[in-house]
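Listed below are the structures to be examined.
Each of the two complexes below includes chain A, the first together with chain B, the second together with chain C.
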Partner chain A sequence: MIQFLLLLLGLAAIGTAIYVVGRLIYDIVAMFRDRASSDEGDTAVLWRDVKAIGIVAQLVALFAIIGAGTYLWGNFRARTDAIGLKLTFDFLDQPAGITIADNPLIAGDSVSSAIVAGFFNTIRVIMVGIPAALLLGTLVGIARFSSNWIVRKLATGYVEFFRNIPPLVVIVFVWSAVFLNGFPTAQEAWKPLGEWFILSNNRFAIPSIMGQDNFGAFRWILLGALLLAGAVGYWRTKVFDNTGAPHRRVLWAFATFLGIGLIAYLVLGGPVSMSKPMLDDRGRVFSDGFRIQMPFAALTVALVIYTGTHIAEIVRGSIMAVHKGQEEAANALALSTFQRYRFVVLPQAMRVAFPPLISQFLNFSKNSSLAIAIGATETTNIINNLFGQSQPAPQLILILALLYLALSLLLSTIGNLINRKLQIVGR
Partner chain B sequence: MNKSSKMLRILAMLLSFVLVVSACGSDGDEGSADSGSEDGGSDDSGTDDGGSDDVELTQGGTLAAVTSAGTLQCGGNDTLPGFGIVDADGAFGGFDVDYCSVIAAAVLGDAGAFEITPLVAAQRFPTLQSGEIDVLIRNTTWTASRDGAEQANFLHTTFYDGQGFMVQADSGIASLEDVADASICVLTGTTTLLNLNAVLGDLGIAFTPVEFESNDELNPAFQAGQCEVWTSDASQLAAFAANMEIDTAILPEIISKEPLGPVVADGDTEWAQVVNWAVMATVQAWEYGIDSSNVDSFLTSEDSSILRFLGEPITDGDGNTAVAEVGLGLDPKFAYNIISQVGNYEEIFEKNLGPIGLTLAGSPNDLWTNGGLQYVPPFR
Partner chain C sequence: MAGKDAMYLGDDITAALATDSSPPSTKLSPADWAKKNLFSSGVNSLLTIVVGLAALALLWFGLNWVISADFEIIRANLRIFMIGQFPKEELWRPWTSAYVLILGAGLTTGALARNSHELDLSQEIESHKEGWGSMLRRFWPVLLVSIFFVSFARTLLPFIGLAGAFALIVVAREIGWRMPAAIRERAIFIGVALFIVSMLVIAGTSRLGGYALGLVAFLWMMSELSRVDSLPKGFAGTLIRSGIALVVAAMVAIIQNLIPHDGFGWENWGGLHISLFTAVVGISLGMPFGILLALGRKSDLPVLKTASVIFIEFVRGVPLISLLLFSNLMLPLFLPIDFERPADLTLAIIVITGFSAAYIAEIVRGGLQAVPKGQTEAAQASGMSAASVQRLIVLPQALRAVIPAMVGQFIALFKDTSLLSIIGILEFLRVSDTSNSQQAFVGKGLASVTYLFVAIGYWAFAYTMSKESRRLEAKLGVGHR
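Then we have the complex of A and B:
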């Protein structure tokens, strides 16, 4: 994966260079052809020809960039040559010697597999955190318009407090004050609700579902049920569009899914069961249930709190951007507050909110690198660790940058696709 | 309207020409500086005002660069009691910091002419490689791969350490076998982490690593019980335990050799030798029994070896006197400067590591004549 990314970067750089140079040459050739083919009187002198000036400006910019790049690269190479640092990527196959908590990585595994393992931890945080931050931010953004004085002021206070603190401070604060010292040690873990939850400053464990016999078949049936539920929802929408009868598509789809799932569950003789988290007597080995290490919980919560404030402000701004007449019209139709937001305000506000939201998602993913301070082993932590384990820093920094670049590009691509969908539906 | 836009275009063209010319100009400067220093390092030692950066970037020349800058750039620790920590007044102090002082005294004649760049463990080598610091003295373990792959040059070991394990006193853990399945706090980017994975992996002891970047977060995590075990160099564990409210215990097992000492970047032998001999002078002074309080009385010593060591003139059979020049590029009186301004090894050790409960006598850090490992080549 790492090698693939590097290859991709190399190809992209070469491709861009070829494109830029090719484009420039084409422009120059086209300009001279135009000048040669047009009449004597029509052509301006060369230094007054807009096209010529444009090409010269491009050449100048190109040489300035190449010059600056060469200078910096020369500086860098002078130092690496002086100390004998090799700029190869052979180290990716060397044993890394590091391990990650709750990860099958062993000390003998290669550097690249260690980096990939760290990267997946970053992705986990993002997959949980971004939806949570979106939910929190939207609720708080709406709460700032609440007619209830306390709710409104609480929302304002939360936004103004956390928005104005650097994310690192929020992370260390949440980690230290809430998670590290707010929860007991694993040896004295809280086990509320009949020991179905285990809360400690080492790990958190909550119940999960666990596959029994026939679990494979059950999973496929559930997937089929999900598709069928989608189809039912689509059919109800059609019915609504054609006849005007209430569609109740969510209810219909949900009932379809649940009905099939229930029948399959009974027929297959209980293919899944609840998995109760366990902790051994010494308070060390967590098993079963869904387990998360405390630093990751702290990181996710802190980033959700921090990013939530920014999302809340975006949501607030977008709601204010919806014309007042819309809200008045909704009130005139006697829609409830929920209906007003669900059907009138939010669909229009989201169209405004989404582009800035994408950059908040990117901020979330990049801020996850601050986890290094609280000992969560994600990408940045692993890369930093490798510097100290005799692996070359320049190459590792390049890989680190590439991983976050790839992640950000992926997130913004997904975001832009959703955004396009929103825009088309709206018009 | 039309005229003004044309004027703007011409202005833009002029501006871009200026840019190109200036870019070419700086290119030329860089090229000439490069070729100049490649011809030979001799002209580097001359006075250069703004060009010290260029000198640093090319082969050798660190000694000249430090001399002309007047300040030694030292990579250090700011979170480890006894070795390198910031006190209440914001000043750096500790065993490693004193060795920065030793080098400054030797090279610049002023024990205070150094600046500490505090570094976390993982950032040590990238910073050293970049040339941002002249020397790294930050409880750094000498290993083969660091000497090789990290382009580091390890010098005389100032502290012989080993990796130990610390637990809270009431944890019920008495030996390494008892830590099975426990969470173990460790710093990222350290040999400690590699040893932990390797040794416990070989023993088949499962554990959960909790990897922190800095002791500032690791320490509270250990005290709050997030991890039951803290592994680090035994001296560091002792240093932190001395400042803790809770009772702790150190496990009997020491799982590694951790020779800690100053490090410089590869590719500058002259500078490496200077740092090495400056550091070793503190041990030699200890061996001679010279310390900061009595150093002046040795200036008139009968022992020619001591006179030579302190850079005093030596009289030959004909009554001629001459100062021995060892050719390191240092002031002949560098050892005198070190001892009078900072002290000998024993003084530095007792001043910094005595208060945190480390004893010198009988430890591996004792002088070779007392059965320890501190042994330095002769100063002649």
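Then we have the complex of A and C:
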């Protein structure tokens, strides 16, 4: 994956260079052709021709950039040669020498697999955190219009406090005050249900499922059932649109999924079994079950709290942008507060809110790199650890930037696709 | 209206007209207010009780925690929190610096307020001098938190110092308000010059200080000379003006260097001071680059456009921490081989300048798009050159429209300076880590106390500025046109 991204970067760089130089040459040729073909009186003198000035300015800029780049690259090579740093990407296949908690990775695994493992941890934080922040922010944004004084003031207080402190401070505060010192240590972990629920400042663990015989087939059947459930839901929506009969799509979809899953489970002879978290002799959860490391929980909670304030402000602004008549009409139809927001206000507000929300999602993903301060093993932290394993810094920083660029691009593409769906289709 | 029987339709109106023409009071009795705002319906009552109890529990828990917490760690480290590892016998430097800074801020804001007041009066807009009550409402978080900070001091000196600072800002603002118009017009230059002088009080005279002061002198001279009508117009005039301004700037820089005064460069600074300083420097240095990048992105010259777009999108697409790691690990590698490695903060400021330039570029681009196309066309029609159109017509309007967003960017940058702690610069947040590793406090679980203290510090500045940004937005009428 990393090699692929590097290849893409190289191609993009070459493509851009070809485009820029090509455009420049084309412009120069076009200018001289125009000057040659037009009459003597119509052309300005060369040094007063706007196009010529533009071309000269661009040539100067291009040579300045190339010159500065060559100079800096020369310095860079001299310095890296002096300290014996190789500027190749061979190190990606060397053993990383680090382990990641709750990850099957071993110290002998390659650098690239360690980075990819960290990147997936980043994606996990984002996939949990962004929906949670959206939910919190929307609720708080609505709460600021509540007719209830306490709710309104609390929402305002929350937004005005957390919006104005740095996300890093929120993260370290949540980690040290709530998670590290607020929760019991691993030895005195809170286990109200024995090994069914374990909470300490080290890990949170509950039982999970573990694959047995036929698990591969079962997984594929479940995936098929999920797709079928989606199709059934879509069909019910169509029925509702066409006939007005109650759609009950959620019920239908669930029934489909659970029915197929149950039959497959029985037919395949119990392809999954329960796996309880295993404790080592110091009382720490170390394998099996569903485990969450507390630094990740703290990171996600803190970022949700911080990003929630920004989303709340966006939601508040976009609700104010919905025409007041809409709310009054909803009230005149005697819709409840929930119905008013669910069917009248929010669908219209979301259209206004979505573009700024995308940039908040991007901020969320970029802020997840602050995990480096509390030791959650995501991309930035892994790469920082690799510096400590005397892996080459320049290449690693390039990869770090590239991964976040890819992530930003991915998120904004998804966001823009959703945004296009949300907007009113014009004529 | 209780007595229904004796009254006829219109009686109350007649009575009201006879006695008082003001509208009926909208003030509710406490019971009515509570009914309206807290218990208007069953759901609302339930919400009030549940949320109210939760809030009370949180408050109770928080108060308990604050009362039982040990604030000795803050008392012992207050100086480090404010200005870092500064030698105790040199404390007069930060104090003098703060006073010079406050003097400059007071004079400049007073003068600018008066200027805007005079402008409003000349356009027959109603305008009053802003009272101190209103100022207090605008700046209470910073005032309150600075008192809160000083309350941890062990000696009397910081109390006296803070009281003096409050007195100075009042006096300086009044002087700024009363200054003659000729001086008031130059208030910005005075403010910037005093800002640099205040930094030089700590840092001592240095070549960098000379450059900074020289730059201010150059810009100031250019602005002065542009008022002189006897100089020739056009290219020759510009050449003469820049020549004179350059000579003056060089003289200022040389004089600055001649004054023997050594101090502590910013590699020795720290605490809240460095957080504020980095944010101010980052945004001021980022501004010119950001404007250039925005113009580059908007231009139709492919080389400039591509370079601007690549820079802006790259910087905005990666987290700041990766850029700071770059500054720490890679930036020194680009220097000539016989160069010494600069201080960490110098490297960080270079990167932060580029970082804020990219974000400012996007803000300015928004402003440029908000300027109606007719403005450019009208300017072109009157025969202005492309550079003059941008400089005299488009940019002033675009920049005015983005002032609130720029304040927002400043707040974001101020909050982002907390990331400097990760690359080991002793800024405000990092002091809480270092103080928790001191022998007297290590392993006592006091991190949350110091983090809360730091959070309140950040909050006071950021919240005040965000209120100011909203005020500016309302005042400039951005978004209402």
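The definition used in the following text is that the second predicted complex is superposed on the first by the 334 of 427 C-alpha atoms of A that agree within 3 Å, B and C clash if a C-alpha of one lies under 4 Å from a C-alpha of the other, contacts with A are read in each partner's own complex, and residues count from 1 in each chain.
Quick note on the criterion: a residue touches a chain if its C-beta (ideal position, glycine included) is under 8 Å from a C-beta of that chain, and two chains touch if they have at least 3 such contacts.
Not measured: the values here are computed from a predicted model.
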item	value
Which superposed partner A:Ala177 touches (first chain B, second chain C, both, neither)	second
Which superposed partner A:Leu24 touches (first chain B, second chain C, both, neither)	second
Which of chain B and chain C A:Ser408 touches, first, second, both or neither	second
Partner chain(s) touched by A:Trp149 [first = chain B, second = chain C, both, neither]	second
Which of chain B and chain C A:Leu72 touches, first, second, both or neither	second
Touching partner for A:Glu160 - first (chain B), second (chain C), both, neither	second
Touched partner set for A:Ala332, first chain B, second chain C, both or neither	neither
Partner chain in contact with A:Ala82 - chain B first, chain C second, else both or neither	both
Partner chain(s) touched by A:Thr377 [first = chain B, second = chain C, both, neither]	first
Touching both chain C and chain B, counted on chain A across the two superposed complexes	50, 57, 61, 75, 78-80, 82, 172, 176, 180-181, 372-373, 384, 387, 393, 397
Chain C residues touching chain A - in the complex, by the definition given at the top	37-38, 40, 44, 47-48, 51-52, 55, 301-304, 306-307, 310, 314, 316-322, 325-326, 329-330, 332-337, 386, 411, 415-419, 421-422, 429, 445, 447-448, 451-452, 454-455, 458-459, 462-463, 466
Residues of chain B defined as touching chain A within the complex	6, 9, 12-13, 16-17, 19-20, 23-24, 26-27, 30, 34, 57-59, 120-126, 129-131, 143, 145-146, 148-151, 180-183, 185, 188-190, 193-194, 197-198, 201, 208-214, 217-218, 220-221, 224-228, 265-268
Chain A to chain B touching residues, read off their complex	48, 50, 53, 56-57, 60-61, 63-64, 67-68, 70-71, 74-75, 78-80, 82-85, 91, 97-102, 106-107, 172, 175-176, 180-181, 184-187, 201-202, 280, 282, 284-285, 294-295, 372-375, 377, 381, 384-393, 397
Touching residues on chain A, where the partner in the complex is chain C	16, 19-20, 23-24, 27, 50, 54, 57-58, 61-62, 65, 72, 75-76, 78-80, 82, 146-151, 154, 160-161, 163-170, 172-173, 176-177, 180-181, 366-367, 369-370, 372-373, 380, 384, 387, 393-394, 397, 400-401, 404-405, 408-409
